[in-house]
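Letters A, B, C and D name the chains as they come in the text, with residue numbers starting at 1 for each one.
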Amino acid sequence: MIGAAAVVDGLAIALLSVALFSVALRGLVSAVWLLVAQSILLAFVAATIGVSSGAAHMWAAALLTLGVRTFAVPAVLFRVLGAVALKRETRPLLSTRSALILAVGLVLVAYVAAGRLELSDAFPARQALPVSLALTFIGLLLMATRRKAISQLIGLITIENGVFLAGLIATLGLPLFVEIGIFFDLLVAVGVTAVLTLRINEQFDTMNTDLLRRLRG
Amino acid sequence: MNEAANVGLAVIHISLLVALAPGLSGVIKRMKAVLQGRRGPPVLQPYFDLLKLLRKDAVVSEHATAIFRWAPAVYAGCIATAALLVPVLWSTAPLAAWGDAIVLVGLFALARFVLALAGLDTGSAFGGMGSSREVAVAALAEPALLLVLFAVAWRTGGSDLSGASSWIIADGVAAFAPSQLLALVALVIVVIAETGRVPVDNPDTHLELTMIHEGMLLEYSGRPLGILVWASLLKQIVLFALVAALFFPFGIAATPSELPVALGAFVLKLGALAVVMSLVESSTAKLRILRVPELLGAASALAMLALVAEVVVG
Amino acid sequence: MSVEGPLPGMVLSWQLDGLSLFFALVVLSISAVTTLYAIGHARHQHGFPGSGLLYALFVVAMLAVVVAGDAFTFLLAWETMSLVSFGLVLTDHRRASVRETAWAYLVMSHAATAFVVGAFLLLARTTGSLVFADWTARAVVLDPAVATLVFGLGLVGFGTKAGMIPLHVWLPRAHPVAPAHVSALMSGVMIKLGIYGLVRLSFDWLAPGPAWWGAIVLTLGATSAVLGVLYALMQHDLKRLLAYHSVENIGIILLGIGVALVGRSQGLPAVVAIGLAAALFHVANHAAFKALLFMGAGAIDGAVGTREIERLGGLIRRMPLTALCFLIGSAAISGLPPLNGFASEWLTFQSLLTLGRSAAEPHTALLPLLAGGALALTAALAVACFVKAFGVSFLALPRSAEAAAAREAGALELIAMAILALACIALGLGAAPALSLIGQLVPSAAAPLAGQTLGLGSVGSGRLVVPNVALVLASLAAVAVVLPRVLGPVRARVAETWACGVTLQPIHEYTATAFAKPIRLMFRDIVRPVRDVGIVHRAGTRFVASVHYRSHIAPVFERYVYLAITGRLVAGARVVRRAQNGSLQTYLAYVFAAVIVALLIAR
Amino acid sequence: MSLAPLLVLVPLVAAATCAVAASRAAAVSAMAASLTFVVGSIVAFSSFAGPPEHALYGLIYVDALSGLVVLIIAVVAAIASLYAVAYVGNAVRAEEIAPSGVGWFYVWIQLSIAAMFAVPLMNNLGLMWVAIEATTLTTALLVAFFRRRHSLEAAWKYLMLGAVGLGFALFGLVLTYYAASHALGEAAAALDWDQLRANAGALDGALMRVAFALVLIGFGTKAGLAPMHTWLPDAHGEAPTPVSVLLSGALLNCALYAILRFHLLAAGALGASFSSDLLLGLGVISIVVAVPFVLVQHDLKRLLAYSSVEHMGIVALAVGIGGPLGLFAAGFHMFNHSVGKTLLFVAAGALGQRYGTLRLSRLRGAFEVAPVPALGLVIGTLAITGAPPFAPFASEFGIAQAGFAGRPAALAGAVVLLAGSVLVFGGMLFHVLSVVLRTPPRRVHAASFPFAAGFVGLPLGVLLVMGIWLPPPIRDAFIAVAGVLEVVR
């Protein structure tokens, strides 16, 4: 059992570093690949917990993660990226260096906020909850500092990953049908956002959301 | 005192005041002339003028309306009623049971209202100017007058003039308290303004631009003019009687036997006031209309001071 | 009789005690007459289709306010009254100024209602119920601070509706804009409901408070009276002039209430009685002559087409009956004997004097006496104002073609005005019976009466018997006419008015501006007139082609109080609006900040 | 078998038929809406009368509070769908919507109605969250229905902020689930609302504090509470009017419903003060934030949107104040606001189509151009801003009365409520008057507005009657709602 906790902690830390890496990165395609990496790590976490606690539905969750988060969502993202000429993120609001500093700061805030919630008899992964909150904050940071619509969507999915991680480790997974509902929602959300992104690209012939600033007051 | 005696006394009261009014004006004119080193018209001259006017035909403007025609009657009625409110010979004024100081001020206001309207009625510029200035001066004189009445009323238990005078008679020496002196000076200034005496208005001139009271009468002639002039002289004597009643009521008769003494005292007081008026008139020049507010403002201030002295110092 | 209200445990109930009955009488009588006038005046006024219904609703709402038995019903009726009168004020909404005025009026009365709601809810907080009867039964035991807060809120709320300085700004803008019969009702009756509310609050619901409550009301009353009449003097639109006079008369009523308040706080029932009687009597009187004057103004507006005094003149020949009624109204409002205005002002003077004489400490005695001085100034200025209003409008030569072509008002209008004119005379001569009626209706407002004589009746205190004074006045006037006949008959010859040899032209007459000029100059520090004179010379020469003169009174309250507040509010709003700058990043930052703060709170 | 599941089923079926038979989609949608209105009313009034009922093997749970939300959604959905028929017809004629898109419009409308009905009915909190997410997704494309740049911008922000908000809400939900499973054992029932509500006391305090905070901010974003309200004026302003009606009238209440459920849990676990004070605080902030945007505004629908922010703040304030009267007034105000705001948006929509624009500066003389919507707009504004004798005044008076009788924070809240409503009254009336009066422009578009009197008269009639007298069944309904919301202080 103890070994599993260490594995989950390790995976959590890996997840966090992938997220921090995506903050530093500019390229859109590489950002999507980083998302895929996050999903795979999440699937491993689900699998590890499934092995250690023997809960059947954890396996289902792992499979679902693989199915939806690792294949379906990136597929949609790549299709959208295909339709758009420019592959690089334009200059984000914050320079990479200050973004990274802010990200680390947010991680600290997450640890402080989540640290007090000692989930005593849940899965004894000490690191996982603060990491999930950190992931959420980093996702929000990504959305707030990127100009391209797609990268804002990537930030949004990072937040979803963070919350999903919390769901996995906090309670050995939410009830299955709730889990399915959430996955379905994620998929539809990405779908709708993709449609909107394409429409924005078609209307503004760029995905730069700076043009989306006309509604004031 | 039964009903008949009351009416009798009232008749004596009003006829005495009506009779003495032109005389008082004559005396003042005469004193002014003497002070200014000239002989001046005979004291009875006002009587001759008035009787002449009352017998002459009137010339009425084509634009005049009912207001112009009825103004003299209402004006005279008001002043006469006001006259009945002020105790002159007898300790209680004839109308004391039905009205008080505030009614007196109200009656003067009604008289002024009617006369001002009559001034405007014929449409002449001088009438308009007279009315405008009359109401403007009155707007500053009335608050001072009322504050004086309040100062006296505060001491003597209420706004009843007869009650006030009999209280002061009973109180005797205190009548000359400092607050009363301030009130007296304020009241004299108000009387000067109300009767159109020199610092505020010049009663003797016919220079249209300087007249306030005369301006309103400009369009009148013949008998209506006579009534109006006599009424305004009556107003003057009523104001003098008011000053006497509020500040030197001594000598007012309490029993029928003292009536002759009261008459003598009243004439003496009129004489004294006449002297004061003629001194004031011949020693000061007429103020510009825009300076009058300072004078009347001073009167109001004095009245307020009297009130404060009266109430706070007690 | 009560109906289940919308909130749990709430009952819409009615109550009819003496005070409500008195105000209901005032509302009913005046609205009956103004309805009569409205029918007659209909040919001039192009009301929108629903205006008749709105007018009826307006009267019903006012009645409902007076008989409401609990806070909720009161507020329902109160605000419906404001809403309906807003609709009526908007009758000719073509002009932008009318819309602006109507909007300002409704927002100010809505703000006033918010203050009243605050006062009611504080009272409901301690008594636990909204029904007025509960508030009076258990004399509301509030601790002094809360009581003062309730009184303050009530004073501001009801004061705004009554048109007390400095909350009066809506009144002189809304009344002239409304059609005549509406402004007659608004000015004659609606602002009295503000007084009704204040009387209820300070004499029924609140226990006797500190003396300075009364002192504040006295000061505000005196200021409203003096400033009201001063501003009225400077106006040349007949209806704005009358509207400012409403502010003045509300000031006089507040003087009475102030005296009663001080009397109540010092435990002097006699002073409370005379103060309250004076206030209520003046409420009735003002309702009568103000409605009459507004109807007169409406008749002039209908006949001549303008309310600008400078373009009227000589109307007494063309509209004699209207002129007579307007004259009676003017004399009444100026407080001239023997009419009703004089009777209630006399009573107000007596109440001030009585308080002055019976107040405990000297300094509380001084304030009423000085207020008496202010009241005298107000009365004198009112005389000046109405000599100008009546004289310049009705007398001498017409100053414009429309004035010359004026025709007498309609029969119904004249009947309505005649009724009110007779009412002014009847209330004047019948002052004693009227006051005894008020005394029976509102026991705490039983004025000192001895048969026909008004006055305390104690030695040296003032007395007034209006009918007798009127009789003596009439008889002496007759004597003054008859006596000179002893000297033989005289004839009167008609000639032209003396104008230094020139035939009299309307241009020679004194205009309203000129008439008010001495007083404007005397009070220029308070009134602050603004004058601009433009001289146009004939091209290239020194000869004057034309002179253009325009003067107006600086809207002190509007500029320094209201526009200042609204201006800052809107400026602040513009700054805050920049927070919604359209960028998604900023919005996400707001959500982020909210999350961080929430987490910190939850730690 | 209770009728509740029908509420979700009927719109879904309608959506399917609309997708298939696009040409007659309008009629199908209108019929479906009327049907759901009838069913919704039955479900609601049965929930007010009797005890809470379960259905569909425990999936659905209807108590008085959810009954009220169901009633509101039923009413608003009916009005929106019926009005959509006329609105879309005009829009198509004005080439704002492509004829091909009409079918899809009604599909999304019915889907969003289905999702909205699901929110109050779901017993499982997780499924409730899924339903709310579904409402966001279904309405996002509707907001962007007009293919204009502004609509896209509004939709994008709506979706992004909504998703972020719901992300945090989910995080809070997970923590609640953890606390629940810790207290109730691992069973799936750990997220069932009735179980949780029953033994809320056993939930861990510290966890519930963080959970409620996250949920409040998360669902607060969806409910349009400040400072997370920034998407609301864009979305309501740019969406087609029937969508604005749905958003403002029904969707905000669903999100608020979710907050109230977690408020009851947190109150059970921590005692009432923590969550009530947070709700009260957010309510006050919303009222204060709404004022400047109402005072200075350039677009009619954005004006109404900010009024919605203010009214959501008022309901949150009312629940925060609490007490039998406060909660009664909260339910009452939720209903009043939905009815009033629906009327206003319908009127604004009708005017918008006649003038072709919603800029306040170009809307002039509406009385002459379109008298009925203009009248609806003016009287609606007077009603919604709390002028007696309309119902919102009664509910705001109730809230203020409860506030004045409550704790100091409640008193402060009530004072802000009174001051805020006066300022908003002044602001909104100023703009609406400038729209309704003045001289109309020369050229005005032709746009039909059938049964205008019905759309305007009915809601106004309801608001006027309920402002003076509450019919007993409705009064009992609000008392029942207050009962559910009752939190032992």
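Throughout what follows, a contact is a pair of C-beta atoms (placed from the backbone, for glycine too) under 8 Å apart; a residue touches a chain by one contact, two chains touch by 3 or more.
What you see is a predicted model; the values in this text were computed from it and never measured.
Among the chains in view, C has its Cα centre nearest the centre of the complete protein Cα set.
Of all chain pairs, the one joined by the greatest number of contacting C-beta pairs is B-C.
Distances between chain centres, each the mean of the C-alpha atoms, put A farthest from chain C.
With centres set at the average Cα position, the gap from chain A to chain C is 70 Å. Chain centres here are Cα averages; for chain B and chain C they lie 34 Å apart. For the pair chain B and chain D, the distance between C-alpha centroids works out to 79 Å. Contact of a single residue of chain D with at least two other chains is seen at positions 153, 156-157, 160, 164, 168, 210, 233, 293, 296. Within chain C, contacts with two or more other chains are made by residues 577, 580, 582, 584, 588, 591, 599, 603.
The list of touching chain pairs reads A-C, A-D, B-C, C-D. Chain B makes touch with chain C in their complex at residues 14, 51, 54-63, 65, 67, 72-74, 76-78, 80-81, 84, 95-103, 105-107, 109-110, 112-113, 116-117, 120-125, 127-129, 131-133, 135-136, 138-143, 145-147, 150, 153-154, 156-160, 163-164, 167, 218-219, 222-223, 226-227, 231, 289-290, 293, 300, 303-304, 307-308, 311-312, 314. Across the complex, chain B is touched by residues 314, 316-317, 327, 331, 334-337, 342, 346, 349-350, 353, 356-357, 362-363, 365-366, 369-370, 372-377, 379-381, 383-384, 386-388, 390-392, 395-397, 453, 455-456, 458-465, 468-469, 472-481, 484, 487-488, 490-499, 504, 506, 508-510, 514-519, 521-522 of chain C. Contacts from chain C toward chain A in the complex involve residues 577, 580-585, 588-589, 591-592, 596, 599, 603. The touching residues of chain A, counted against chain D in their complex, run 113, 116-117, 119, 121-122, 132-133, 136, 139-140, 143, 149, 152, 156, 159-160, 162-163, 166-167, 170-172, 174-175, 177-178, 181-182, 184-185, 188-189, 192-193, 195-196, 199-200, 203-204, 209, 211-215, 217. Across the complex, chain A meets chain C through its residues 93, 109, 113, 116, 137, 140, 143-145, 152, 209-210, 212-217.
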